[in-house]
Structure formats: structure tokens, C-alpha cells
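Multiple structures follow.
Consider the two complexes below, in which subunit A is the common component and subunit B and subunit C are the respective partners.
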Partner chain A sequence: MEHDIGLWGIPIAILGGAIRVSTPFLFVSLGEVLTERAGRINLGLEGTLVFGAMSGYATAVLTGSAWAGVAVAALAGAVFGLVHGILCSLPKVNDIAIGIAMMLFGTGIAFYFGKPYIQPVAPHLPAIPLGFWSDLPQLQAALQVNVLFVAGLGLALGMAWMLRATRIGLTLRVVGDSTDAARAMGLRPNVIRTLATAAGGAFAGIGGAFLSLYYPGSWNEGLSSGQGLMAVALVIFARWNPIACFGAALLFGGAGALGPALQSVGISSGYYLFYAAPYVLTLGVLIATSSPNRAMAGAPGELSITK
Partner chain B sequence: MRLSPKTLSRRHFLNGAAALSGVALTSSLPMMARAAAPLTVGFIYVGAKDDFGYNQSHAEGAAAVKAMEGVTVVEEENVPETIDVQKTMESMINLDGAALLFPTSFGYFDPHVLAVAPKYPDVRFEHAAGLWHEGLPTNVGSYFGYIGMGQYLNGIVAGHMTKSKKIGFVAAKPIPQVLLNINSFLLGARAVDPTITCQVIFTGEWSLAVKEAEATNALCDAGCDVITCHVDGPKVTIQTAAGRGAYVCGYHANQSALAPDKYLTGAEWNWAGVYTGMVKKVLAGETLPNFMRGGLTDGYIKMSPLGPAVTPEAKAQFDATMAEIMKGGYAVIKGPLKDNKGNVILKDGEKQVETDIKLESMDYLVEGVLGATS
Partner chain C sequence: MIIGEDPVLPGALEVATLGMTMRFGGFTALDDVSIRVAPGSFHALLGENGAGKSTLVKCMMGFYHATSGQMTVGGREARIADPRDAHALGLGMVYQHFTLVPSLTAAENLVISRRDTPAVIDWARESRALRDFMAAMPFRVPLDQPISRLAAGEKQKLEILKQLYLGRRFLILDEPTSVLTPDEADEVLGHVRALCAAGEISVLMITHKFREVTAFADEVSVLRRGRLVGQGRVADLGHADMAAMMIGTSAARTPLPRQGAAGPEVLSVRGVKARDRSGLKEIAIDALTVKAGEVVGIAGISGNGQMELMEILTGQRPAQGEIRVAGRPYHATRTEAQALAVRYLPEEPLRNACAGRMSVAENIAFRSFDRNGAASRFWLAGGQMRARAAQLVDAFKVKTASLDAPIAALSGGNVQRAVLARELTGEVRLLVISNPCFGLDFSAVAEIRARIMAARNAGTAVLLMSEDLDEVMELSDRILVMSEGRIAFETPAATADLATIGHHMGGHA
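What follows is the complex of A and B.
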């Protein structure tokens, strides 16, 4: 057999899986970092992701342009975020409850409007063949890097810089850490939080468009297997740090590729166990990095889960 | 004395409301509704009815029934294999007056169909893929097709087209029907070249798009160059495999539109003929058999037209085998046969023909399949 690479298939598959599967995790978790840094939790990003996937796919089918799909998905995500943000600005409204409602609403209307788009085939987003230097087809396939993955990396770096060194970043952090301090500075916490939630929603919408327009690259009702929810958990895992989000998303993508890769090299018993690898890994890392002395380093002070 | 227009309209309104509620009352009684319309048929799907796969194949059958005269069709999709399907069945019977139900997913049968059927002896429950036997309610029937034969024919074409001598299978769960399909696919390929192996990857769920894509990529990485699957919606597998340059064989429905150059052939359900036949019998007042099975000969399944890439040699063997199968009594599972752990399944001379009920409790992968059932 030509190109039989045996056990080398596993690291290559994990690398490929990390690159292919991580992008939705990355975008949703970056969106959630933005929202949570401003002091709100948006659990509705799963619904935003699914609706973004549907609206992006539908737009790409109708216009023939995958990029138009990404734009519409971002816009739809921003609208979802805006609704969440405005509702949560009302007095005595719980952001977690609204988030769950938005999640169910988003998936529900995505299924409703998505019916006619299960069958048609939409154009895919372009990929950059970074594996051109290798003559191994496996490595070439693993290094097909999508443009959105690169954009996500740029976004993570940009957000880290923005939060640390810019006026906007400082404003977000103040609003997230203390409503009273923000008010004293003359800021309007509700407006800023709503805008941050809308921007976070737009990111989640783009994550959804990646699912339907690149990998796995089609719209159906089983498209998201909870990536949106996992990404919200990833934010805590990554301690509200955008660059750590990038690492966590890669780790999750790679761990998810472990199950199929092991079966393909003949380690086939106990595959249900290997499919649990990402979750076991999360538990392991959380235990390893936990400390009895300090609680939730990096958590914004105004989050309802830390209050 | 003339009544004022206002009084008149109120009286009319009250009359009208009474009449309306009378209509609503009668239509909510199943017996009366049934007297009005000859037959209401209910179809229940576990997933979306346009999934390019299993549910779509049944929905196409339902569409054919809908076109028949004197029949009303009610459908519900995305019904989980839980207590939900019992509620759906009861509401189809009580609110829509359905007298014939087709719950089409494997997991609906036990315990859900078996729990609801005794409550409604006048309603007929026809379940796809279930295994009816003596002692179960007599108003329950089970039907299915020998689609393993289709995967065997897929395998023959795959055996001719593979260059790496390694073919791949994306499978959902290791239940007997899936195992029979995997084994048939490999045995078909081995009928061409006995050195061919088949790599199987189980995703663990009927519909899990990202995992199916990952499994397909892993198969391509492992050197498989012809890929098929048994999941609810093969769209992701077909598109991903074709995108990686592998040939694909379809399953459930015709997916050639997704990869016109790479699509070789496919094993398809043909429920339209089966369902219209069953409904015709019910309309004529006949009783359906409790246990119905059929294959290529009976029109339960069919093959997609061969794709443009298929070589003349592959076509010749495909046609010859198809002709053999059409004679009836064809056996794919025949001795000498070992499973992939080395245990002897069948000795030389033994065979299990397509109608053999033992095939429906298959729990092994044959020699040459790389993978494990758990």
C-alpha cells in the first residue's frame, strides 16, 4: 500500500482534527470572552451558532457566495446578541435564564427556516494549502487551513491586545469588574454590556457559518453537537484569556479527532471511551490547574456565577 | 316587529358557534372521523424527513401514499425514540383518526409500539426493521428490506475501483443491520479480490455531522480509496470523502448529485412501492402479514445507476451478480467464513441466504474487516 503511514497517522490526525474542528470552538469562546469580560453570561450562543450556520448556508445557497454567508451569519448573530443584551438590561432579569431561552429559540427557528436548505449544496469557504511542502497526502490534507481559522487566530491576538492596552479594553474590564466603579467613571454599563454581547453574538454566528460552510460543510439539524455550549465552558477553562481560548480550542479539536484516528490504525475496542477524551482532558486540566488558595483567577467580578 | 341588526348578528353568531363546536366535537372522535375519510395513515420519523438518507427514503414512500385516492397522510419528524413516540402515536390515533401507522425508526418498536398497540386493537401498527414474532400483539407488523444485498453490490464495484486494496465504512452503531452491511460490503469486494480489507469506524450515533466528517477523514488518511457508510444522513460522508478524492458508494437514497464524478453506485430503499402496496391491501379490507421482508427481487430496495467512473469489468460483474440475486435465494454469508477474531462462523458448505432470519441477529465482523463491535 502506498502512503501507509501506520501509527504516524495518529499525530497527523490529531493535528488535522485540531485545525479542522477547533474553529467553531474558537469563535464562540472568543465571543463569550468579550461578553463575560463585560460582566454578562450569554448561554444562548449555542442557539446563535446553529442559527448562524443555517442563515450562512442559506445565504450561500441563494447568492452563490460563501463570504456573503459569513457576513449574514455574523449579522444574525449580532441581532441575537443584541436581543439578549437588551433583555438583560431590564431590571431584575437573569442573564442565564434569558440565555437558555435564546438557545432554544435560536435552534428552533433555525430548524424552522432551515428546512428547504438541507438538500441544496452551497459553495465552501476557501482553504490555504499549507501542506504543499510535503508529499504525504495525509499531511497535506491535515494542513488545509481554512481562512477563518487564521482569522480566528488573529482575532484572539487582537482581542488580547485590545483588552490589555486600549481604552475600549479598559472600559470593558471596568464594566465587567465593578458596575459601581464604571458608573462613577461616567460609563453606562448596560449599553456597553449590550454592545459586547452583540459583538460576541456576531463571533458565534461566524463560528456557525464555519460549521455549515467549511467543516463538515453542510446544513442539517444534527450539525451542532453542543459546540456552542462546550465553548462557553471553554471560556472558564481558558480563564477569560483570548489566547488561552485559542489553545483550549485546539486541544478540544485534537482530542475529538483521537477516537476516529485510533480506530483507523486498528485500536478499535472501547471507542466510546476515546470519544469521551475531550471531556476527560478538560477534567484533568482543571484539576491540575486548580488551586486551594485562589478562586477562579481572572474571573470578571460582575459575573452572576462569581457573585 | 323587525329585529335590530345587532340582535340578529348575535343570534347568528351563537348559532354558528354551536355548529362549529359540533364539528370540532365530531372530528375529535376517531370513529366518526374514520367514517368520513376512508383511511388516515400516519408516518413517524426519527430525524428530518429530507436528510438525504433514511428518513428521506421513508418520506418519499409517504409522498407516494399521499398521492393515492381516499387516503390522508399525517407526518411527524424529529420524534425521539422515547416516550415521545408513544405520545405522537396516540395523538395521531385520537386526534387525526389514523388507522394505519408507520413508526419508521428501529428504536420505536420495543417498548413503544408494543406498549401502545394493545390499547388500540382497531389500529394497525407497521414498524420498519422490527422483528415480529408469535406472542406479540397481532395488530403489529414488521417489515424491512434486505439492503445488505445492496451493500454487497456496492462492494463488488468498490473491489474493482480500489487501487489501495483498502476500502472504508463509516458506521453509526454496531447493531445487526449495520454489521451485515459492513460484512456484505467487504465480501462483495473480496468476490473481486480476496486481499482487500475494509476499515470500519463507528461514530456511536445515527446523526453526528462533525464526527462523521472526522471518521471519513481518518479513513482517507488510513489509505481507504472507496468509502460508504451507514448513518442516517450520508451527505457529510459522501461530500467529505469525494472532497478527499476517494470514490463513494451511496446508502439509503441516491446521493449522486453530491459527487457526480466520484459516486459509483448506491444501495437505496424503494419504500414508495412497498407502502402503496400495503395501503392498497388495507383499503381493500385485507389483513397485512405480521412479518414482511423483501429484497431486490421484491422491489424493496434498488441500486443507484452506475456512475461515470465505473469500469466495464466492474459493470460486467455487477450486472452478473445482480442477475444471480434476482433469481432469489442468493447467499452472501456462506462458509467457510471466519470472524475477524478468528472464530469459525460457518463451515464449508454452510450458508445463510438473504431471507435467513439468523442474519438479523448478527454480532460479528468477518475476517478482513478492520474494526471491533464494541
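What follows is the complex of A and C.
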């Protein structure tokens, strides 16, 4: 091989994998941060992700435009979030139970409507070749950065700013931290939480569109391997901070790329074990951040799991 | 603002109520109360729990609409339909529990509580404005720390600063020191007093601590059972006068008739220490004994450790020290309680002594469901449970739709009766009771007191904690006064002197 770089291939493959694999993590976790900062947990984002992937792919096939697909996926995600938000605003409705129902509903309905779109090929989202300065093909491949990854980075920074320096952001945090204080200020917590859940759903839908329109880049029923659920763990890991979410998404993405990276340099035994790396990381994170006698630092006070 | 209306003048406001009356159905919570808070004065509103203090201030702030009566703000009549109107007039309230958002910083809390928060907050400008505001205040709070990291005293100071920041010129403080240490309380109230003296604000403070009234307030109004029973300048009044107004000397109850003399010692508490609910103060009971056939009443103003003592005795609060029942060490386990026949009627029985969603019959069976005579049982005897429950519901006149109704659906008095039915059935050696008649109607009160007395006459040792001094006087053989987490005073009921008891309740020996 002309460009044999030996074991250097592993970190380069992990870097490339991290950038590719992290985008859905990033969008779903940003959506979940928004929802949880308002005081609700939406476990249904896995279903939103899969439905976003399906609807985005179908739209791209039908219209020939990948961006139309992203828009439809976001819209579908917002509708899912809105349904979750409205249901949870009813008295005595538990957000976690509704989330699980929405997850099963989202994947089920995506499989049902997605059947005819397994065969057709949709246009892909464009990527920016940030590796142009290098003549290593491996590095060039690794630095093919998708537009949505850049958008996700911008979104993370924007959300961090919004939570700190805008009325909407502060209102969201008030509602997520203390329903009583929010009411005393004349805010309507349920309305704000529902809107936050809808926006969070839209983000997750975009994350789904990335799956089907860029990487892996096709629609099938095994498309998501639980990214939507892992993103919830990732939010806890990132302490509900959007910028930390970006780092955590890269970390989870890199862990997810470990198996394929090892495979690419010819390590063929036991690499299935490395495919489990993200899940092991999830478990490790949850154990490491747990405590028997206090609520987690940084956790919004109104979350049903931290109360 | 309505056109033609005068703008609110800067500086402290004068606020007065005229003949304020509030009825809830047939119950008069507030009866013709008129008080006037002069501009720049620190006015204390004193009274026991349920005296109508909260009702009065809620009427003033527009949370309640008074049945009759008027209010004036700055000398002119004001109609306050809801808290927004009150805020617009410059009236603000600091609640007993904090209303700050824990994860936001002090600065963020202040800015977001404003009604005109801009869509995009220019933090550089806001910080400058906040620093200028703070510089003009007599006390300071770190602005860039999340509230959850502030001490209770700092939070309370920030609550007060927030009201000033929002332009309020008349503040109602609802027991502002209940979560503070004495030092923090002195500091916060000292600052409030300085603000009053500077003519920035007028203050109406709800309290039941005499010490705070004498140390900080200019004037005091005393409420008792919804009526204004006394008013005056603090300088002219002593503790004894205020205690007398608060407790009421007119209708001092005499002990109920009773039979039999006290027997051997049943409960003995020695050197018990525990943290109080806020974790800041200590409860320390050096020695407390209750004999068979005796009612020992613990009087005290709420928040002086009675609740914690009850929790220690029921095993809800860890404590050091020695508790013995009938000579044997007692750790409030179910086995011990069963073997030694210890029973409880805690306050808020629905929360402390019931499983709200389980049925009345099941709740009544809590003491006996696993007993089969002297032995224990594995399979429940549903029929027996129901039969026993039916019999007790009948005997104690518990009003319930059915034995299978969840106990949470019952009214407070009926929950109380159901728990009393459970706890007073069978052999009872020691009965520990806390506020058994709080919030009950007259007939229920008489009946429950008669049952407690009957248990005493049958030889049960009774420890009664109550904020209602009349109740303590009526039922007790011996009266103890609890103050600041300690037993401050003891007297036989027969020769008890109300004024002395009131004096000790107020925390001044």
C-alpha cells in the first residue's frame, strides 16, 4: 500500500469516526438538554431520531433535495416533541412513561412508513473537505466534515449563550429548577416545558436525518443503535451543559468508532467487543456520576428523576 | 398606571387595614382587624399558629379577597385584586420558604424577577447596574454565586434585596428567621431595621419570637383566634404583657377531672441529642420521664424542637442518648413497639402514620395485620381485618364512604380518629401524641381529648406535645415547656401559672 501509516491509522480512524458518529449524539443530546433544562425528561428521542431518519430520507428521495429532508425531519421531530409535551402537561402524567411510549411509537411508525424507502437511493448531505492540506488519504477521509456537524457545534455554542444571556434562556432555567418560583414570577411552566420539548424533538429529528442522509447514509430498520437513548446518559455526563455535550458527543462518537478503526488496520479478533465500547462507557458514566445520598450537581431541580 | 393617578412616592409607605374580616364558609379566620404600619416603622405581627396572621397578610397582598374591610396605601384607599396590584403599589412579601431559583446566580435571579427583563441581557450593563444598586444597600450578597451555594442567611438577605431591587417600599416578612441561626437572624433583622430607620421601607413582620419583637420592632399587634387582642409600642410592653395577649389569660382552662394517681415510670429519656430540621440547631433533652397513669404535656411555640422530639421518639430522626420504656432500651423498632405496647399519634397523621392510598381497613390494621394472638401470621386474614376495622370505625365514629376507600380521601378529623382508633386499641402502655386536635372542629376536639383522658385513667402513660396551651392545661398532670430545643421549665398542672409558662415559652427565663 502506497500510504501505509501503520498504527497511526487507529487514532486517525477514531478521529474521523468521532466526527462522523458524534453528530447524531450531539443533536439528540442538545435537544435533551433543552428539554431537561425546562424540567422534563423525554426518553422518546430515540423514536424521534428513527422517525426523523425515515421521514428525512423519504423526503430526500421524493424531492431530490437532502436539505428538504432535514427540514421535514426537524418538523416531524417537533411534532413528536409537541405530543410528548402536551401529554405531559396533563395532570398525573409521568414524563418517563410517556417517553418510553413515544419511543416505541416513533420506531414502530417509522418502520411502517419506511418500508418502501429501503431500496431507493437518496441524495446525501454535503461535506466540507477540511483535510485538503494533507496528502494522506486516510486523514483526508477522516476530515470530511459534514455541514450538520458544524451546525451542531454552532448550535451548542448558541444554546450556551442563550441559557446565559437571554430572557428565554433564563426563563427556561427558572422553569426547570423551581416550578414554584416560576409560578411566582407569573410564568406558565407547562407551556414553556412543552415548547422546549418540541424544540428538543426538532433537534433529535435533525440528528436522525444525519443518520439516513450522511452516515451510514441509507434507510433501514437497524439504522439507529440506541443513539437516542445513549444521548440521555450523555446529557447527565455533560451536566446539562451544551458545550460539554459537544465534548461528550465526540467522546461517545470516538468510542463508537473504536471497533471499525481496529478492524480497518486489520485487527480482526475480538473487535466486536470494541463495538460495545459506547455502551460500556454509558454504564461507566452513570456509575461514576451516581451518588447514594444527594441529587446530582447541576441537575435541574424539577426533573422527575432527581427529585 | 391609570392616567391622573399620582405616582408612588419614593421612600417608605404607610399601609393600614380597616376592619379586615375573612370568613371561610362558617369559619371566621380574621375578625375585624385594623392595624396601621407607619411609614418607616418596623411592625411585628405576633400570634400562635392559626391565629390568622397569614390570612391577614394574604388579604393585604391580594392572594385572598377579604370578606369585608378596607386597605389604605400611602393614606389613600387601595383595591388589591391580586398580587400584581399589590406589587404595582409597591407592596412586597418575603415568604417563609425561599422563592429564589437555586441553580441561578444571585444576579440572574434579580434580573429575571424584573417585569421588564430585555430579550437579550447585556450582562456587562446589568452587572454595573447591580453593583451600583448593591453599593447603596447597607448589606451585600455575592452576586455571581449560584443560590444553592449560599447560606440560609445570605438567601434571606437576597430575598429582601430582591424586593428593594423591584422597587417595593412596604415589605411583609413571613417568619423570616425560621430557617436561620440566631446570629444570622440578628444580622438580617438588624439590616432590615436599619432600612426602616433610613426611611427606605416599612415592614410588617410575622413572628412568634418575642426576642425578635423586643430587639427589633417599633410596634406590635397581637392576633389570637382571628381577633386583634393587643397593640402597642414595643418599648411600652414587656414580654409578660405580650405573652399574656398571645395566650389569652381570660379563658384559662382548668385541668379536666381525672382519677387515679401516677404509677411506675414508663418512659425515660436521658441525654438525648439530635440535629433539628434545618440542621443548624441542636435538640437536647437532658431528662424526661413519664409515669403510668400520667399525662405529661409539653408546651412551646412551634419550631422549638417539639416536632424533632416526636420524630426521635417515633424513630424518624437519628439521635444519640438513651431512651427506655418500662426499663428496657427502646429504639422505636416495630418489634420493640409491639412488645412494649408503645403507640403514637403524630402530627399530620396522613403523612406520618398512614399510607394514603391504602384503604381505611388496611390502615387500621397496620398494628395487627401480622399478629395472630401472641404469634405472628404469614397469610393475612382479610375477613378479620375488615370486621375489626368496621367495629373500630363505628366505635370511633370515623366518617368514611367505605372501608375500602383510600384513607387520603378522608377529612383531617376522620384520619385523626382512624389513627387514634388503631393506636388506642389493645393494651397501650405508652402513648406519644403531637397536636392531636390541630385543625379539628369543636366536637371532634372534645371527643379526642376525652379518649386521651380515658387512656390515662386506664393506666397509660401519655406524652402530649401541643402548641395549643389550652389543650396542654386541660389534659396534663405535669407541664413542661420546650424552648430552643431544650426543656426549659417544669410545673405540676394543678398549680401552673399561665404567665410564668408564657414567659418560658417566649425563650426568656
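Just so we're on the same page, the second predicted complex is superposed on the first by the 287 of 307 C-alpha atoms of A that agree within 3 Å, B and C clash if a C-alpha of one lies under 4 Å from a C-alpha of the other, contacts with A are read in each partner's own complex, and residues count from 1 in each chain.
Just so we're on the same page, a residue touches a chain if its C-beta (ideal position, glycine included) is under 8 Å from a C-beta of that chain, and two chains touch if they have at least 3 such contacts.
On a predicted model such as this, the values are computed, not experimentally measured, just so you know.
On the shared subunit subunit A, the superposed partners subunit B and subunit C are arranged side by side without overlap. In the superposed model, more residues of subunit A are touched by B than by the other of subunit B and subunit C.
Once the two complexes are overlaid on the shared chain, A:216 sits against subunit B while remaining clear of subunit C.
Looking at the shared chain after the overlay, A:263 reaches subunit B, while subunit C stays out of its contact range. Geometry note, superposition on chain A: angle between subunit B and subunit C about the Cα centre of subunit A is 130 degrees, to the nearest 10. Of the two partner chains placed around the shared chain by superposition, subunit C is the only one that A:300 touches, whereas subunit B remains out of contact. No C-alpha atom of subunit B lies closer than 36 Å to one of subunit C in the superposed arrangement. Of all the residues in subunit C, the ones that touch subunit A in their complex are 84, 99-104, 108, 111-113, 117-123. Looking at the complex, you find that subunit A touches subunit B at residues 1-5, 9, 12-13, 16-17, 20-21, 111, 115, 118-119, 121, 138, 141-142, 211, 215-218, 220-223, 225, 227, 256-257, 259-261, 263-266, 268-272, 275.
The touching residues of subunit A, counted against subunit C in their complex, run 164-168, 170-171, 173-174, 177-178, 180-181, 184-186, 298, 300-301. Within the complex formed with subunit A, the subunit B residues making contact are 47-48, 50-52, 78, 164-166, 199-204, 207-215, 217-223, 232-233, 235-236, 239-240, 243-244, 257-258, 370-372, 374.
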